[in-house]
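Notes follow once the structure below has been shown.
Note that the chains take the letters A, B, C and D in the order they are written out, and that residue 1 is the start of every chain.
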Amino acid sequence: MVKIGIVGGTGYTGVELLRILASHPAADVRAITSRGDAGTRVIDMFASLRGKYDRLAFTAPDATDLTACDVVFFATPHGVAMAQARALVAAGVKIIDLAADFRIKDPALFEQWYKLPHACPDLLAEAVYGLPEFHRDAIRKARIVGNPGCYPTSIQLGFVPLLEAGIVDARHLIADCKSGASGAGRKAEVGLLLAEASDNFKAYGMAGHRHHPETVQELVRHSKTPVELVFTPHLLPMIRGIHSTLYARLTRTDVDLQALFAARYAGEPFVDVMPPGSTPDTRSVRASNVARLAVHRPGNGDTVTVLVVEDNLVKGAAGQAVQNMNLMFGLPETAGLTTAPVLP
Amino acid sequence: MVKIGIVGGTGYTGVELLRILASHPAADVRAITSRGDAGTRVIDMFASLRGKYDRLAFTAPDATDLTACDVVFFATPHGVAMAQARALVAAGVKIIDLAADFRIKDPALFEQWYKLPHACPDLLAEAVYGLPEFHRDAIRKARIVGNPGCYPTSIQLGFVPLLEAGIVDARHLIADCKSGASGAGRKAEVGLLLAEASDNFKAYGMAGHRHHPETVQELVRHSKTPVELVFTPHLLPMIRGIHSTLYARLTRTDVDLQALFAARYAGEPFVDVMPPGSTPDTRSVRASNVARLAVHRPGNGDTVTVLVVEDNLVKGAAGQAVQNMNLMFGLPETAGLTTAPVLP
Amino acid sequence: MVKIGIVGGTGYTGVELLRILASHPAADVRAITSRGDAGTRVIDMFASLRGKYDRLAFTAPDATDLTACDVVFFATPHGVAMAQARALVAAGVKIIDLAADFRIKDPALFEQWYKLPHACPDLLAEAVYGLPEFHRDAIRKARIVGNPGCYPTSIQLGFVPLLEAGIVDARHLIADCKSGASGAGRKAEVGLLLAEASDNFKAYGMAGHRHHPETVQELVRHSKTPVELVFTPHLLPMIRGIHSTLYARLTRTDVDLQALFAARYAGEPFVDVMPPGSTPDTRSVRASNVARLAVHRPGNGDTVTVLVVEDNLVKGAAGQAVQNMNLMFGLPETAGLTTAPVLP
Amino acid sequence: MVKIGIVGGTGYTGVELLRILASHPAADVRAITSRGDAGTRVIDMFASLRGKYDRLAFTAPDATDLTACDVVFFATPHGVAMAQARALVAAGVKIIDLAADFRIKDPALFEQWYKLPHACPDLLAEAVYGLPEFHRDAIRKARIVGNPGCYPTSIQLGFVPLLEAGIVDARHLIADCKSGASGAGRKAEVGLLLAEASDNFKAYGMAGHRHHPETVQELVRHSKTPVELVFTPHLLPMIRGIHSTLYARLTRTDVDLQALFAARYAGEPFVDVMPPGSTPDTRSVRASNVARLAVHRPGNGDTVTVLVVEDNLVKGAAGQAVQNMNLMFGLPETAGLTTAPVLP
């Protein structure tokens, strides 16, 4: 059994980790911390977990020794993981950060977007970007994994095969992305109220979204050329699910795009390349770690459109984190992640 | 033109007042106050009102002289209206309070439920309960109107004809009520987030809801006998609309219930007694001041079931407030309240 | 492994059975029939099941030999199971009918409500009503199980402890029930369109709902006295979930209701009696076989209010059917039913 | 008063016309036809209209003489208006077709997309495309108006100023559009059920949407150069509202885009160019004829992003039709279209 600690377990990624780990054959959740809710039983905050974690309570971060854990998940705001990473790593504890502390490799770029100097640039340097489909081997050996953002996961899954193949204009990529409201976190904001956000749709973050630099960094890795990305996030009137509609200009139109994607993701347990003509819907991956995608070339023109869906809390957050844990501990990669999506 | 002031215009009842008054033929909104948003233009908070109130901005309460208004609406939390009532009334300004300060006649009962001593029991004594279908003449002459709560409006419309007729057991009334999330107000609470409250349904307020004493007070007025009411409010995963399902035990089963209700509300512009067998839906009154109701006697037994729908922000709040204003100023009762409900 | 056949697998209970059985350790789905969609692969109708049933296709009922199965689930409209039951039972195949053919014991009453004469009254007589919490032993030995309706399950779970204890007036029970739209099935009807049923709420079935006679039949079993039930179903603007708000008049008020329910359901894996004061929400059981309930006595009066939530497709249909299968085949009762509810 | 006939009034555009016309100062709805619902009172189908059209009933098309009307709206499937146009025009009746019969100028292109030969190419030639912001004068004089599609309206409002100015690459336009479910019409289809389409998001029509040729035809008019458009429609889990996110490559980056749009739409009562940095939300135009748009240049790069919102049933259908009627009959252009959007 893997002894697990969770730092900051009162948000949506925290409760989703708990949900997934409750069915994981090798998970033993030992501790879960919360500054604001120390002393509260997990099941008193999340009734859905009654019968699953009846003896687990949130503890104060300062009063919790996580060094006895094998792995610690950080389901916190940005800045928390990097403050605790050195001590944990020194104690031999592996770290999976669901926030952004270990995603952006350039500390200056990190500071520009997150308004914090990075606390441990050396650990940042060794941290692995936790998108298993592209970095599986490195994740297996990693002490620290920076779990990707929800939007970046979907954008990379859709664009990387095209960039690797060198068949699109990497300077003019467009990601028109739509996310369910849980992506904004479990925080009390007027704009996220049901009475504001339901029966409504809007773009946001037009001045620059924090997932932009992370995404570009990774796309460049695969492209080997400069990348320019127009990224438009939108807020969907629903709870879970991301749909990224990706557009790129083809520099060659003689490539079988369907075959390209099928080959790239052959054997991947969590990436489903759908048949030609498909339009994946977000519910087809609800509560599941699978991402589904479909490739289109509208009107046989020179634009390729890739449709990618994922559950932002699973493949876009907690599920991918567990997938990373499985790799880091030599478990079957799909352990705890095999239940079918919930439809309808 | 009626010169209008609105105190506390940043919540849902405030913006709904503005929406309705924008089409009112005799309304002239002169001032709108907000402690937290003074200086902000109304249209910068509510883009829906662009083109309607382009020159109106929120002003600080202390810096706003409302005595030049003919009427002031209080779309505030409880306690604000009673603090300002005396000065306004002295200046000849009429008051319509959309909060609870002037609903409950017994100051001790008010204090028990709202944890505030009443600031002006004498004005409370003269205030009129603003449910026009039952108190039209008194409202016409009132200086202060306590606008009813959203739930109480629907419950009274459904129970009063039965209580007046003396054909139900007033000691065993049940009101199973369901409200859209806008009824909880425009306040940042985790439980009201789309990600929490959509695709979900629950009861709340089981330990006692503040609309209970107000409702019982009014039902007793019509019943002339003691009333006991079990009231269960529930939160619906939608924005607007209240559906009250009312149950009472018939003490006589030889009365034509349909005819009773039809007669009671004959000529009422805002109460629609639907044909026998109807099941009114909340969308049939969306954004409208109409309440619709249907009377049933399931299995021809001794229980009468009344189904009542209203838009909680209109007939349950701002629309009824405007209806009251129309009465108080000798305007046609339906002025500004005639647009058809929005369906679908 | 239990060899399983599913008749009529294109509706919501069918796909939900498939979803649950995909994670069941002892389930082997051998055949699934559909008159209208024979030849279609399951994954081409339900993309959510890609990777789970890639080789399973719907077959024509007439061309499908189900006698090699150990059990056949009927996820069909009423009337189908009873037509095929005799042949299957003769072949030693057990039957779990998710429709109503084997719920109502009185063939005349069945015919009155379903407008069909019963095809096999003898088998009806031996069929067991599949609510394990009340009929566990009989289910273990049954050849035919009539799986309860979604509403009746929730109503019985809430009322039975009170009726068994003989502390409520069984002639005046009220069940105010609210169901998500999936309860109406996967059928193309205007009234169930998103554009009609979302942001909306209404009662329906006031003239008599087919779940009424089934519920009364069962309540009488526990009450030993005549039962009269006012049952008001409502349509919630959401996908899954039933919330039943149950009211009964207490004939004794000296009983500890919380203790009564706690004792009645002690050890039950799928009934969660919540702490005093709780208001269970439907999402706390989303996609799970658990029902949660809370008992209240508003204002310490003589009315008891029981709040019951379940997922109408799981404990209200497919999950309960699998629970029954587990019992019928000597498997652990919770097999395949242990994943945590999906929240948010 | 304008004497009005409506053909095919049982769909969403039909009931929306009725809703708007109920408050129109010069509208007199004389007849409304429906093949399937002849004899049904309008208020028995749409309870929201009780009190507005109590004496109006659907009549059979064949039994209804529309020649006494001043104008006839066709809220029908494609093919109906063109079949009746000649007789009505001959009788001096003006026609506003909300379907596609009079939108596409090239009869061959019409036939290619709608699988019907055009019934009256001469009338098609004289028909005016009813987008008042671009064709106001022609509409005033028109006998036949082809009311634009919902998507095309939003796409044109966003792209035309850029194309007129000649500052974008017209061969590479992208319209990523999202529509509420009412855009699909009031028809019973499984894919549009609440249980399917809510809490879900997907693209559709990737093989070619009928609004594509209409949109390109109109964009070319303004561009004077060939236009290629990638158009991706998506289905939003909500009732009303379209959000079009438009992308174009700038061929010049020295133009003040905000000023360009502000100048183009100066004085337009129904197009609101929002301040720089805005992200219009669909609810800000709910139930209103206003379209709002915002212009962005992400990262100051060479892509312009235009965000356009409209209510698909109002500016995208019935409201624009009434706006056209107002122009055709010399009424104030805003008559009947002045109520504020419904928010929340």
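Criterion: a residue touches a chain if its C-beta (ideal position, glycine included) is under 8 Å from a C-beta of that chain, and two chains touch if they have at least 3 such contacts.
In this text, all values refer to a predicted model and were calculated from it rather than measured experimentally.
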* **Which of A-D and A-B has more C-beta contact pairs** => A-D
* To do: Determine how many degrees of rotation, between 0 and 180 and to the nearest 5, align the Cα atoms of chain B with the equivalent atoms in chain C.
  => 180
* Asked: Which chain lies the greatest distance away from chain A when centres are computed from Cα atoms alone?
  -> B
* Structure fact -> Chain-centre distance (mean CA atoms) for chain A and chain D, in whole Å, is 39
* To do: Indicate the whole-number Å distance between the mean C-alpha point of chain A and the mean C-alpha point of chain C.
  => 36
* To do: Let me have the rounded angstrom distance from the C-alpha centre of chain A over to the C-alpha centre of chain B, please.
  => 45
* To do: Please set out, as single numbers or ranges, the residues of chain C touching at least two other chains.
  => 12, 182, 186, 195-196, 198-199, 237-240, 280-281, 283, 286, 344
* Structure fact -> Within their complex, chain D touches chain C through residues 12, 180-182, 184, 186-190, 192-199, 237-239
* Structure fact -> Seen from chain B, its contact residues with chain C in the complex are 172, 174, 176, 178, 195-196, 198-204, 206-208, 228, 230-232, 234, 236-241, 243, 245, 247, 249, 277, 279-283, 286, 296, 298-299, 301, 303, 305, 307, 309, 344
* Structure fact -> So, in the complex, the side of chain D touching chain B is made of residues 12, 15, 18-19, 22-23, 46-52, 182, 186, 198-199, 239-240, 269, 272, 274, 278, 280-281, 283-288, 290, 292, 313, 338-344
